[in-house]
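Okay, handing you the structure first.
A, B, C, D, E and F are the chain letters, set down in written order, and residue numbers restart from 1 in every chain.
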């Protein structure tokens, strides 16, 4: 990446979910580009570095979330549950929690939110389909449903209140692809950073949806409608292909997790 | 309508929201076509007629909803809030409530749900646009958001568990159109009945979305993708045009309620 | 048609091209519905009836056109050349003339224009294609080009200044279909009146394009995207079919006038 | 139907498959409108009426087919197998046979062919999908495959040699709908006649594909792209609904014949 | 670029607008590839080099334009006004002028025109939309309108007379991007040259429209439909990003010039 | 290419058409990646190397083809005629032959077929059109027709029996582009290998269609819908451009072979 020192400041930015896997990746990468980086989570976080504030808060706690956004310019909203869970947990953390973030943005004049949505919004499309973000949602679980809800919420807050959002349908963001499916869905940490920065700095985003994936050889997602964001991934899953194929030489093509884009998510539950 | 006596039975049907405006319309029309009509609401209802059961239940009450669906063949789910409200009320009645209905259907093997969605799922499209149900949601409030959520939930329960749904994006179902906007959005009670019956009896519906409107001269909604349902409206708002135009001779074309399909919903809120 | 006396007034309306064939048809039909009908042409017109003003003016005469629109609510712009002509004549009457009308509307706050465009905007589509108004223009001559220009001009005046337009891509409006092609393209005078009234009275039209044709059995034009206007033709060319087919029993299928929608227009010119 | 005596002649027309069910329906209806109706089949046919010629011929017999088309203006090609069969039989009767018809048309200057294709070209679309003829083929058997081949062959003969075709994707043409599926797919004999006449008389058809179905309340097929043909069905399956539903009160929604548009065809074979 | 000496000749080429900014860029780049380069403008030009002819001519002067094209193989038509002006000036230089060029091409058998259209044909799309050239025009002023007219004119001359055109919707062609908007719209001079050469040498172009922009990281334009031209930009605005962002650290997101693709053009005028 | 030794085995693979031009290219490239490579042709082939079996067989010989596929995992089906021929030859080798291959796959449980289709399936699209594989076939001859048939057959065997196919619409696979058309259609042998390997190893392919072409500067084919396959061509026709253009400096733009994508195929025949 270009040295942050050359770039203009991102201003005063809130990072929710700062104690999560991606939050810990993004926090040190965002900090040097912000006037202030206010990080938040329900779990314990690293103490504040210079230019940071650390706020422990549950997303369900409306006043706390309102306080979190006060005086800020933008939010990178990674908080909430990031995998499949029983509905009630999802309802609180993701549905109510994301509402609280947008409502706080409205009250305090925050004008842009980068929202960590998920490829599980469209997890029930097949792996032999190439889709773009204009197609109807086909969520693969309660988690995916909550992310579809968040995208619609973002749409409403833009149409009604002019608050801009970029909804990132993140594929699989890990240090490296962990299985054969991730050869298609992998988003490297550097490309994640590029994606979040593009989303924060693009002049006009309205309500945009973009799939978050590296420049993988095979993929199911066409980001043409989001080309205005200027996200150009630089990494690829290809160097990991041989190892992942060797570890999974045979796939069961009758397994829904192999057939559908959502992978194992599509056969989680029910939660009795 | 054709005399119900000639038609095959709809089987054992649950009607939620039976005390609401449309519930009271549909209840007597469905009853003679059902083996059993089990009606439910949180509010007081008429006592059971022959072939009916009356169950008072809140949709947020998961065990009550589960009980409601036990042993039934289909659900006509009108329950929950049917106009704009603060988010927390919507979250309980519509989001959690609809989840409870679908989860009960899964547990008890109910295979089809006719779901009262709303035109407010797409209320932020303009009145000079003609849309169909394959376009992205543009909800005009928390109510519309909850209905978009319900449609996605229905999609998931079909993709994952094979439970079929018809999502009815109901326009304006009243005895007659109440204002100029309703000349485009009106759904007569007879056409509402036709729509619900088509949705219950079509052989295969998968996950279908259909706009509920009469054969009005002007409209914003193209139901071509739902033609497999066999819904053919017979009524029209035209006889009411002169009176409605006389009552509202001038429209303020800068008013969002005039510009957008959702009408006055698009400028409700915020709820401070 | 419904008796005009029942309907609300259309307000103060300008009718250009009042001496032309369609202008003479529309003038007496619009008059009883208007507070004031100001009719204009470059040619001689009938003297004013009660509720009318008659203004002789050339569309190229910018001040005259400005005066024509002053104090008016809407324009039905039929003026200019309505058939193929050498370019210079088209440039003056249709391109410059229509600019003058829109610019006058901007200066004098006229908020809606019903613009007589033409099916010749898309005359180079084939007669075995069914098109709608979202496809690119394929004009069949200078006349069609000038109408494509007018539609784009209307788009600009709406995007930039909020002046609404309905562009009527009129098929063939005559007392009856004159040849076999017109079995597909015919617009009866009653349906023309319905179309103009719908365009003047629809609450919100933004920039709309609609093909003007009766409910003919065969047609090349799909008006689904303009369904918000509420135009429902009531007539059909079918009663004239036998006579027109008898008069033209054989068609030369190598003749461009038979192959393309524009008919004989597609082989007019060049004008040496 | 309008009395044939008023209409212009269809000229010299070949009818293949004249001994089949639909051939026997169409023969007496076409005869009075033709200068000459030359009927053909591999099976025995009624003796020739006035204005008719009867030619026994197998479609696989190339010289015979060539002779059949000599001196003719148009062909209504119903011949070949009209239900599922082992591949070799289909190959001979439908693939080779239809090639022979088109090649004979090329050699003898016949300029239009009305080709009996079938809804089984798209039989593997679901019954809750509404499709039009621009979507890719999804044939449900060898019969459907042969009809997809015939449509492509027709496309080639138009692109290469200018021979026009209307491909009729006939639904279920019987005296009345025989089961619940046919409530959606039924084509009455009168509407079949209307369809064939429209296909023979439309001025320009190029290569057109149209679904052949009556104006049934529910359907899976959208004929908008074929509106230029002027086919307007007048009949409906609705009067037969109650009886068909009573005869099949319960459908097995796990049965591919219930799920897919092709009905029982989708589970025929394999032919061991 | 590849040395011109290796490439086949472009033949006898007219370059209009040779005294303009892009004309001065292209003239020396085209000259070595042409048998004859005839350059023209209304303003003074450099004297002819070897292989050049210099013709001073106004585009409104029909005989002069006719003479200009006589005996030539192709035209690169950059002439006319290249920024927003009052309508009358646009009408003369761009609308009448471009007509004169196409009519001269028809008279003198010139078979291909590379036409400098503009991104301002679609300037009223939003900067968060990615569009391609099949969408309807949304011009942002009289200049953009005249370019939309030119594209339609080119369509007509191809459909009617077989004269091929490539319409270049040029973004911002300058030595370097001058502001933040141009980070998306920049077309380097080398890429401009690539674009013009591709347009002149592609074997078959019919009527093609292509956006002229470099391989910028973010863009609003998808050139997939023009891939047959073989235009592959090699440059990018990225090296200029830091400087441009530093110079414009804050954008007013309520400014139409920031919201719409046309930038400042969208708020020029009216010209009182 | 990556050394084959690193990659997992492709298993037991049949290669038909092994004596043809592309068969001879692919045979040595596939062999080291297969557990067993069984090669077949009607013509004489090189004797078997280690890991190979050589089976002489005609594709029309059903039992021979059945034997060929017994016990195998996948087929690369290049066999049959690969250029235009009279219909009867095409019928036997390509239509019947490909049926035999799919039917053998069904009988013996072979689950994936890589099918050599052809760009001639869409040869009657124009060279100034950019198409993708979702558009209707427009075959340019009997050869193209047989390939369209094969693609539909593959679709049926997937929908009905779950046998996966990748249909390769191969452009022009030669050591180098042989004429100007092939600058757009060339597929290098290395890219052919990449394409076949991607098709054999992609986890899920269902029924996929992909154009086989290198990364040529200009092309008519958009492979976005096949991006899930992971085919990324590495070669380009560009190094051959100058020579090919020098050899064909002038193209006759009235020649159908220049206008249409299929090149000279579009004017082959008829075979009298």
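As a working rule, contacts are C-beta pairs under 8 Å (C-beta built on N, C-alpha and C of every residue); 3 or more make two chains touch, one makes a residue touch a chain.
Everything quoted here is computed from the prediction, not taken from an experiment.
The chains in contact with chain C and with chain E alike: there are none. Shared numbers divided by all numbers used gives the overlap of an interface; between chain D and chain F this overlap exceeds half, so the copies present the same residues.
Here the CA centre of chain A is 40 Å from the CA centre of chain E.
Spacing of chain B relative to chain F, judged by their CA centroids, is 51 angstrom. Our note on geometry: chain A versus chain B, Cα centroid distance of 33 Å, whole angstroms. Looking at chain B, one finds that residues 224 touch two or more other chains. With chains as nodes and touching pairs as edges, the resulting graph is of another kind, matching none of line, ring, star or complete. Of all possible chain pairs, the ones that touch are A-B, A-E, A-F, B-C, B-D, C-D, C-E, D-F, E-F. Considering their complex, residues 2, 6-8, 111, 164, 198, 201-208, 224-230, 232 of chain C touch chain B. The touching residues of chain D, counted against chain F in their complex, run 87, 91, 95-96, 99, 103, 106, 124, 134, 136-141, 144-145, 148-149, 152-153, 155-156, 159-161, 266, 269-270. Touching chain B in their complex are the following residues of chain D: 126-130, 180-181, 184, 216-220, 222, 224, 242, 245-246, 249, 251, 253, 258-259.
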